[in-house]
Amino acid sequence: MQGMMIARAGELLENGTVTRVLGWQTGEFVYDITPAVFESAEELEKGFVYNSFCGNNLSKYLIQASRKEGKILVFLKPCDTYSFNQLIKEHRIVRENVYIIGIPCDGKTDGEFLKAKGVKGILGIREEGDNFVVDTLYGEKTIAREDALPERCRNCKSKKHMVYDELMGEEGEVLDSHRFDMVEKLEAMTPDERFAFWRSQLSRCIRCNACRNVCPACSCEKCVFDNPQSGIAQKAAADSFEENMFHIIRAFHVAGRCTDCGECSRVCPQNIPLHLLNRKFIKDIDTFYGEYQAGEDTESRAPLTNYTQEDVEPSIVYTRGGNN
Amino acid sequence: MLKLSLKKLDELFAAMAQSQALYIPADNGGQAQYLRWAPGMKMTAALNTVRSAKDFFFPQTEGLVNFKMTGKTIEVIDPRTEAEDFVVFGVRACDARSFSILDKVFLVDPVDTYYQNRREHGTIVTMACRQPEETCFCTSFGIDPTHPEGDAVCWMTDDALYFEAVTPKGEALKEKIASLFEESDDAAVKAQQAETKAVLDRLPLHTFTAEPLGGDVLMKVFDSPSWKSLSEACLGCGTCTFVCPTCQCYDVRDFDTGNGIQRFRCWDSCMYSDFTLMAHGNSRNSQVERFRQRFMHKLVYFPANNDGEYGCVGCGRCLAKCPISMNIVKVAKCLEGELK
Amino acid sequence: MNTETLIPKVGVVTDIRIDTPDVKTFRVVGLDGKKVFEHIPGQCAMLSVPGVGEGMFSITSSPTNTEFMEFSIKKCGCLTSWLHAMEVGQQITIRGPYGNGFPVETALKGKDLLFIAGGIGLAPLRSVINYVRDKRENYGKIQIIYGSRSKDDLVDYQEILDEWMQDEGVEVNLTIDREQEGWDGHVGFVPNYVKELNPDLSKTVLMCGPPIMIKFTLAGLKELGFQETQVYTTMELRMKCAIGKCGRCNIGNKYVCKDGPVFRFDELDELPNEY
Amino acid sequence: MPNEVKAFKPKIVAFCCNWCSYAGADLAGTNRLNYPADVKIIRVPCSCRVNPMFILRAFQRGADGVILCGCHPGDCHYTTGNYYARRRMTLLFSMLDYLGIEKERTRVEWVSAAEGAKFAATMNDFVETVTRLGENKRLEDLRCKE
């Protein structure tokens, strides 16, 4: 796949269809891959990479990149195309300046995740069938691919591209995933248990803003938490309240717009399962207002900028059963 | 050198915690972090904590001064109470070095008394590394992970803990716990050090050096054309700065509690757009400039002001945690390539 | 130096003078009615209104003033708006002095001095000007070239007319950007006016003003034959701690709050152009 | 008396829309209907003016319960404002519940200008509920407590 991508990108650069290519660049180790812009076939040849570690959602970069002069080629995984559509809907990306090649994805892992699985001192990785064979400072380790994938990929919602100008490889299907299982598990807990769960998670937050800055739905010119005029600008969570507030407000602000790409949880240095907040909103929206998948199209109205006269009353929160 | 069977580790912790707070690196929701020891708590198997040990002396948020305002008058209140003594156990060599770097910022005139106060009350017990990760490059900054700095140093083998006091504070701690230990020679420690050193030589970054950036290259590096491409993917988040053991920039903010004003300081990041924002403009307008500031500070400015000592200890946290995997090693290598 | 430097003292505003539509000069003393601390010309202080913010302001009054300190402050952002809205008797907090100040007792001693200021840039220089006027015997001739947008925007205009212009050995050249009724003085931008006046090359220059003015004036001075080692300026960047620790006001490896704010242009030349 | 425990009196913030609920509160007043003085009313132009942040900040600043009152669906002065508010608050309250924060501390009630009695009854009921729950501990800001 990587070879094909480099060749095709080179072609499109050469024939002038695009002036730049947004993709992924190799790093020091096998897994530390950085999103990068390439401007020539040589640069592509030297550094372009596409493998199981290219997890970054490139759509967010297009907010800036599509406003620059010239057309940019971008490789989007199925996941990323949802974010792209959503950004188009919100008029954040200049569509004419982007040429999309849809590429298949069979799950992305990252070095941090492998380390959490107990792999130490990663020197190299090769894929053998359904396994990752990791060469480490302390010998070889084999991990089943399934186990090496983070939650967002194990519960992949779709292998189908929502938008592209050109497709590489086979088009996939929208999948039936179990992505709401953990949300349901939490809902089934008592309020005390839920409170304890979220306190232990959110208290680890170091307010680095990685979740916000990587999120394609967080595209405000100035975030309310950075704006001194807002009255709630904060740099560090000086109190547990501020930890809660930041994450509630952030999740609320992307509610109905979050495509569930899972970048927030991937980048969190403290491994807080932030996607569980977003998925709660997605699940609620689905149950209360009908199935809705952000980024599926570029036309429909988002659930929070829409209503029907028959909408459920807020009191449903007290009366629905199971969790008190 | 003192020796203790690992079976008695809990007793050791209990003894240390008897007269002061004890913090050890432990697992919290799958993440290693320093936690206040309580009976039953186990040390983490992870090499190092996600957050560095700088929190102990330079916490993420810290009250500076309180104000009571009535009409046109202001009352200034120092909110500090007597700090308690504490021991941090299991600090790695990289983090141990970071304290001496932070000292060069906070303890030079005018002394930061908040930091100094905590520093005086803390005893650092370091732990030699046995299984470094591929992201480790502390040796590039002259740090020996098999023999860290600290008030006292420990080595852990499969069955025993070896302890050596270094400073008066370490000796004071030793007195409190010596009865648990037995005297021992250093053969086991020597053997372990040799083993670890063999691993160190195989680390992918063991040949990395920031040396070329330490010379008289400030303007040349500052004007490098590479900053643009290096910073291209930077998200402008604060992950690197917040996990970094030597990043020390802070913001001072006021919080209105409804009963008064609390002025506190909190970690800040030069990667943030409002870091240098003033009412009439910003001296670092784009992410390129902010990104450059962070690496220039560690690799060029800090050495220029501190006899060539770098503001990096090679702990590898930013290598592991950056959302886009851009880090100080990639930056330094790229810039050094240009200087050649 | 005060070891608890991050904990401020309380100051009382005893007088507020309206200089221009957006500049006011505040007189500040301690709770005991005396000066809060001593300083050298060019040094700064952190003023704050708890709950609003803290900011670095140059001390506008001369150290030879033994009774109080003055700050000329332009309404610009949140904190300065608050300061402009306050009344006499209001308490604020103050800590300092910070920075290096102008080398009035060393490099500048015995020299002929040329002050060039634009707009609110006169504020830090006023401290030096009045210091030098009070110690006249230690310095040579004094020339002041000061320009502003209009006559109404000239800070300390009354003091300039009543005191500076009356002094012997002090030459004051004023200019405003555009023609204005009731103004019969020079009209034109400061950099051009400096070139027109063609000051003597033996003078040492102290300059402060908006960045664009500094840029063109410096170029003009060089054209006239001035060396960078002859020209001093004073800088301003965002500051939080004022003691070289919070890490934001650096230009290269120098901190404006601690190593500055006064720099000689040959020193700035060795630093990145990030200000 | 040394051991006498002071009865807990909850602090309640009620956001009332200008057109219906605030007038409803007014009517409750003119009709001399009783509701606890612990309810502090904040008048807003429309129920949809209430940002989730307002609710959270009320808790931060010491509220023990927050209630939002607006026109009945279909009667909004701005035609649709309360429909949006309804969706927002449903999701927000559900999220608070998900985080383990007592859901009974938040409520939405539609009160028209003619429903002075309903306003009073609603407030009495809400205050009683919150009193039973006790002090807000899960969404408090310790710095604001004194």
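A, B, C and D are the chain letters, set down in written order, and residue numbers restart from 1 in every chain.
Going forward, a contact is a pair of C-beta atoms (placed from the backbone, for glycine too) under 8 Å apart; a residue touches a chain by one contact, two chains touch by 3 or more.
What you see is a predicted model, and the numbers here were worked out from it, not measured in a lab.
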| item | value |
| --- | --- |
| Closest chain to global C-alpha mean, per-chain Cα centroids | B |
| CA centroid of chain B to CA centroid of chain C, Å | 40 |
| Cα-centroid distance, chain A relative to chain B, in whole angstrom | 30 |
| Approximate Å spacing (C-alpha centroids) for the pair chain C, chain D | 53 |
| Whole-Å separation of chain centres (CA-atom averages), chain B against chain D | 46 |
| For chain B, residues that touch 2 or more chains besides their own | 251, 255, 268 |
| Multi-partner residues of chain C (each touching 2 or more other chains) | 78 |
| Shared-contact residues (touching 2 or more other chains) in chain D | 143 |
| Contact pairs between chains, per stated definition | A-B, A-D, B-C, B-D |
| Contacting residues of chain B [partner chain D, same complex] | 255, 257-259, 262 |
| Footprint of chain B on chain C - complex, ascending | 1-10, 50-54, 76-78, 80, 87, 89-93, 236-238, 240-241, 243, 245-250, 252-253, 270, 272, 274-275 |
| Residue ranges of chain D touching chain A (in the complex, touch as defined) | 52-53, 56-57, 59-60, 73-74, 80, 83-84, 86-104, 107-108, 138-143 |
| Contacting residues of chain A [partner chain B, same complex] | 27-29, 31-37, 56, 61, 111-112, 115-116, 120-123, 136-138, 200-201, 204, 206-210, 212-214, 226, 235-238, 266-267, 269-271 |
| Residues of chain B touching chain C in the complex | 64-65, 67, 69, 72-76, 78, 105-106, 109-114, 218-219, 222-223, 248-252, 254, 256, 261, 263, 265, 268, 270, 275-280, 283-284, 289, 293, 296-297, 300-302, 304-305 |
